[in-house]
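There are two complexes below, and they share chain A, which is joined by chain B in the first and by chain C in the second.
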Partner chain A sequence: MNLSLHRLLAMARKEALHLRRDPRSLGMAFAVPAAMIIFFGYVISFDVNNIRLAVLDGDRSQRSRELVDALLAAGRFSIVQRTDNRHEAERLLDRGSVRMVITIPPGFQKNLAAGEPAPVQALVDGADANTAAIALNYAGSIVSNFSARVTLQASQRSARPVDAASRVWYNETLESSNMIVPGLVAVIMMIIAAMLTALTIAREWERGTMEQLAATPVHRVEVILGKLLPYLGIGLVDVTAAVLIGMVVFDVPFRGNPLLLLGMTTLFLIGTLGLGIFISAAFKSQLLATQTALLATYLPSLILSGLMFDIAGMPLVLRVLSNVVPAKYFIVVLRGIFLKGVGLEVLWAQGVAMIAFAVVGLGLAVLSFRKELA
Partner chain B sequence: MSLVSRDRLLQMIRKELKQMLRDPRSRRMLFVAPVMQLLMFGYAVNTDVRNAEMFVVDRDRTAQSRQLIDALTASGHFRVTASGERPAELINALDHGRVLIGIEIPAGFSASIDAGRHAEVQLLVDGSRANTANVALGYATQIINRFGLEHRTALLARSGPAPELAGVDFRSRAWYNPNLESRVYNVPAVMGTIMMMMSLLLTSLAVVREREIGTLEQLMVSPLKPAELILGKTLPVAIVAFIQLLLIMAVALFWFGIPFRGSLVVLFAASFCFTLSGLGVGLFISTVSNTQQEAFMSMFFFLLPAIMLSGFMFAIESMPGPLQPITLLNPLRHYLVVVRGVFLKGAGWSILWPEILTLLLFGIVLLALSMKRFRKTSA
Partner chain C sequence: MKPAVEVRELTRTFGTFTAVDRVTFDVREGEIFGFLGPNGAGKTTTIKMLAGLLAPASGTGIVAGLDIRTQAERVKQLIGYMSQLFSLYADLTVEENIAFFAGLYEVKGPRLVERRDWVLEMAGLTQHRRRMTGELSLGWKQRLALGCAVLHQPPILFLDEPTSGVDPLSRRNFWDLIYTLAAQGTTIFVSTHYMEEAEYCHRLALMNRGRLIALDRPAALRAQMPATILEVATDNGPLATQALLGAPGVIESAMFGRAVHVVVEDRGHALRTLPGLLESRGLECREIREVPPSLEDVFVSLVRREGGAVAG
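Our next item is the complex of A and B:
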């Protein structure tokens, strides 16, 4: 049987009709991604702010006050309490009212002036290791800068030894949303697209309409492409909306080529939608298909994609595994086009990965779809 | 006739359990998937920076510039993956995402140090990876500061009696989790999110599925009371969720070696109350949806914010002000406080009772709501 564009379009029209008749689902297919981008753009932030401090200043000298001022001046810390009592401070930590206790022991200023080590202790609530590590890192850099300044004053040499002049490329203000929003588009579309198609074939099986479909003279490629087309339309609208939201609501710069993004997005969506159809056809049950689609897309694309956690720091097994997570490549593409303004000369490898993903997704979908009812 | 007959309820529970566990694929989904998720989270979730790729442009090529690079790599935070002569190569490597950070040591670096003059190195980080970039910058700055101070001290010591520059000795200690392992904090929290996800997944499709397949009518004409039907739909899920909890806990304790400092009774009581609210939400979604697709989308719409606003990955205190009170409506948030409290801090009833009570209230209200809703739709 030859493929016919006519039958393919008829199939697509049928699927679009289904979609139109279920306005609630259709509405959600548009609203969910947009809402998610807005919502997560605000929520997801690795900036650690408002770190609540208790300060135990046993020295009460000019230097100790300067150190506390230096901590506060960075804007990351806020002092909840100054106290003289060690137990009081520890109780605050236990109750969770403060995250860190800074202890400056007596003799701090004297030691500094004499060129002896002047200990400062930071006691941090380590339960939330990530926040604790970031907070310690902030405090450590502030104290080390303070220390460099003060000791050099003492040595009457005004020139500071070595300075690190740091510049942040692509994202000068280190704005979390600039990093998160482009990546979010990839993760959300991965989940949504797989969800959209995960039900299509299972639904036909469960409702018994598969028999009708089997009886019609359509080729399975036509069925798959026909089912895919309307969802591809939805997906492209979703991505466009997400990109616009990112630019307008979150002020994320868009430095690259929109057409390149469109092409890459189409490939990515075809792959993901195909994956959804594959799951749907393989399980034939909407319940199982949705569960599988959720598990197959949600966690890997959230965790192994490099959106939030650096892949280089993961154990080897996960690093290897991350190579088959399509969202990983799409995130590189999105960040590249949004923030770096780079084109195919840099992103060609990701482009190849996208094409491979689209081919695999579609291939799996077509192969898994059988019209036999047995 | 009493509201619930034990016999009929047991029959219904048996039917539901059979339906859930009959299919090996579904069994796998129920018991293997949670463990896989836990393993993945346990290993992957880490925001510390280790072995970050670094590009070195060393125009000084002296012992001191090499010492600085060594100091950076010896920390374990950085490893040199590329080096070059021109800054353009560094930019190119950043463009391709091959390195996270680049350091440029200018010519005359060691001469400045030896003369006691100000020396400067350039750090360039890939800001499209904002969080990692931030942490990496912090480490690099500290290492470079320390390096500078050590060399100045050595220089002054050589030139005769000079004050020693010991400076501030910053010591840190972390309570509850001395090695600051993210895993210890995250694994207990993953338990909460998995339980929520599973109880929602299982119940949100429960009623709407029967409606779509047409078996809801059969259930309606059977002598089952609405209460029995609801309990019959939820209790099996609760049983499965509980088995999942035990399974995940076993992995957390024996595989990851997460310390358990509190009381099992407190944890189980809280888990029970928490499961009630998960079931309540799921059932509510199931009764208001017409198709499984709709139910699924609604569940998803609820689940993601619930996870994001729970304090699981993002500290609630760092969220924008207006969002913080909203998190109080999230059962998962309260459950995570309990799980982390019990596991890490050994907290008991005296500290955790407000959270457990809140969870119980959520559970009762949500289940009651969905029952009311169910009667209406089934009438």
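Our next item is the complex of A and C:
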């Protein structure tokens, strides 16, 4: 095997020229990933805001008003309607005009003053279980805070007997975009990179240029690496842009080492681009190859990567399968470097996974590419 | 002198179809070796095997002293190959295509400049060096493809139907280039299905249905022709062709321009009897004379002698 850098670079230059002349590939390479980050960054959110609320205040006392104010002060709820009529409140819930009905029964203030239990009812629309649970959680914590304050006032003490001083690390504000955006980078790059290279070998077969290429002494490793090189450049530009978009548009903190991210990204991209070339060489048709590349990258990266669904809660088969989804490891790397600022001392296992992915992707690409015409 | 190409019992099958069937021949160094036959005769498959693009099923091929089975990649450094279908990059300019193939053949430095300019001039593309290759006429595309195949000055050049689909003037220009390369010592292996192009070759191999049916100089091939061709000038070509077809001693009768070409077994007998035969049918026989057989006549008669049909 006599590899020549000269031939490899000739291959890379030619591939870059194709890219420069093809607006569709250019759009796919640059515009689509940036647009996807922004679009998905806004759309995918686990934060529940602006929960519409109806309040049925049967007590109409100072205490009951204080409780309602406390609910509103958190900024998560907005009152759509105050009512005295239980049936009307239920109708609002039926129609979906409100998500939650808070009922404060008569005697609320009196019970509090007497040190008796003073129950408050929260009726929630459980059709969207996730939102319902979060809304209940918010309401519950606001009410229990209120309750603690009342108890403290009653006992004339300045501090709670037991105070759970909880603090959230890494994503202090618990903004879900901080978690989603770094993960999105992994999923989007997985899809885009594989789609881009899925075209390259198939195009040579479809246009008949493979015949002339195969007639030259170029080595298949030179062909694969030469084709990969311009796309690796594009991928690195894309990831840099995505990181900047995350920081500027979504205020995601970047605390780690950019060079570590660069190294990990390079390995991840080599693996993904290689996978695309493998698919392209195996199918020899641009249409089939892009569809296969989309299917092979999109679903596993979205579902089994831990971006949207917690892997630990999945059935055993899916948990095992998720171990071969490269995005799963890259998401840990991205979140670790973005939010935690950790280095290789923590991410070494993911580093090994990235190296393995790069080797497998490139290996598949080289082995699947043959210069012989059939 | 060692032959440039040595082929022994070379065979290639695709499934149950035998595209090339135990073909044996040598190509001498420096000659223009023509490969003639209809589409599907196995010419392209043979050339692809010799260019290292297809593996033979059996038999051997030695190109430039290297075995095509085990040293195909080294063979590729010593040959130029131009495929039947245009296979340069349409979205690259003329110069970019040249630069790309020069890169793959590791032609660099001052030699690159010299070879690039030589190719541009040879192909007549100096003025159009920055044009997209896809916009060029077919004749220009083919000359550019030839140029890209000889950038590295290979001693052997394989051209697979290089002029198919090109107008006669461009074809003539292309053959001038082939002669120029041959004069510089390049061995040229060219396939064609144009009979008149076959005449330009030093030696000619005739292929039909995967088999080599004859190999010689064009003149010698014509001399092998067992029968005689008579050209008959008459007042009604179509009727005369019909009348002569069933006549005793006539093998074949066909229109040839305004005249009729008749293939006969016995020249003397035919010259004596055919004018009378035509006149008995009310047709005028203005002239009857022997003409040298064309390569097409030779080809058809050789295929007949083999007892086969012409593929295509």
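Just so we're on the same page, the second predicted complex is superposed on the first by the 335 of 374 C-alpha atoms of A that agree within 3 Å, B and C clash if a C-alpha of one lies under 4 Å from a C-alpha of the other, contacts with A are read in each partner's own complex, and residues count from 1 in each chain.
Quick note on the criterion: a contact is a pair of C-beta atoms (placed from the backbone, for glycine too) under 8 Å apart; a residue touches a chain by one contact, two chains touch by 3 or more.
Keep in mind that what you see is a predicted model, and the values were worked out from it rather than measured.
Participant: For the combined arrangement obtained by superposing on chain A, do chain B and chain C clash, or do they fit?
Facilitator: Superposition result for chain B and chain C: fit.
Participant: First (chain B), second (chain C), both or neither: which does A:G140 touch?
Facilitator: It touches chain B, and chain C stays clear.
Participant: Of chain B and chain C, which one contacts the greater number of residues in chain A?
Facilitator: B
Participant: Check the residue A:V360 against both partner chains and state whether it touches chain B (first), chain C (second), both, or neither.
Facilitator: Neither: A:V360 stays clear of chain B and chain C.
Participant: When the two structures are overlaid on chain A, which partner does A:K14 contact: first (chain B), second (chain C), both, or neither?
Facilitator: In the superposed model, A:K14 contacts chain C only, not chain B.
Participant: Considering only touches as defined above, state whether A:R207 meets chain B (first), chain C (second), both or neither.
Facilitator: So A:R207 meets both chain B and chain C here.
Participant: Given the touch rule stated above, what does A:L72 touch, chain B (first), chain C (second), both, or neither?
Facilitator: neither
Participant: Counting only touches as set out at the top, which of chain B and chain C does A:D22 meet: first, second, both, neither?
Facilitator: A:D22 contacts both chain B and chain C.
Participant: Could you read off the angle at the CA centre of chain A, spanning the centres of chain B and chain C, to the nearest 10°?
Facilitator: Spelled out: centre of chain A as vertex, angle of 90 degrees.
Participant: Examine A:V80 and indicate which partner it touches, taking first as chain B and second as chain C; both and neither are also allowed.
Facilitator: neither
Participant: Touching A:F283, do we find chain B (first), chain C (second), both, or neither?
Facilitator: first
Participant: Least CA distance chain B-chain C after superposition, rounded to whole Å?
Facilitator: Checking C-alpha atoms only, chain B sits 13 Å from chain C at its nearest point.
Participant: Report, in rising order, the residues of chain A that make contact with chain B in one complex and with chain C in the other.
Facilitator: Overlap of chain B and chain C footprints on chain A: residues 22, 207.
Participant: Please name which positions on chain A make contact with chain C in the complex.
Facilitator: Going by the criterion above, the answer is residues 4, 6-7, 9-11, 13-14, 17-18, 21-22, 207-219, 371-373.
Participant: State the interface residues of chain C toward chain A in the complex, per the touch definition above.
Facilitator: Result: residues 48, 51-55, 73-74, 76-77, 81, 83, 85-92, 96, 99-106, 108, 145, 148-149 of chain C touch chain A.
Participant: If you look only at chain A, which of its residues touch chain B in the complex?
Facilitator: Listed in rising order, the residues are 22, 24-25, 28-29, 32, 35-36, 39-40, 42-50, 52, 67, 93-94, 111-112, 114-134, 136-141, 143-148, 150-152, 154-155, 157, 159-172, 174-176, 178-180, 182, 191, 195, 199, 203, 206-207, 283, 286-288, 290-292, 294-295, 299-300, 303-304, 306, 308-310, 312-315, 317-318, 332, 335-336, 339-340, 342, 346.
Participant: If you look only at chain B, which of its residues touch chain A in the complex?
Facilitator: For this pair, the touching residues of chain B are 23, 25-26, 29, 33, 37, 40-41, 43-53, 68, 91, 94-97, 100, 113, 116-135, 137-142, 144-149, 151-152, 156, 162-178, 180-185, 197, 201, 205, 209, 212-213, 290-294, 296-298, 300-301, 304-305, 308-309, 313-315, 317-320, 323, 340, 344-345.
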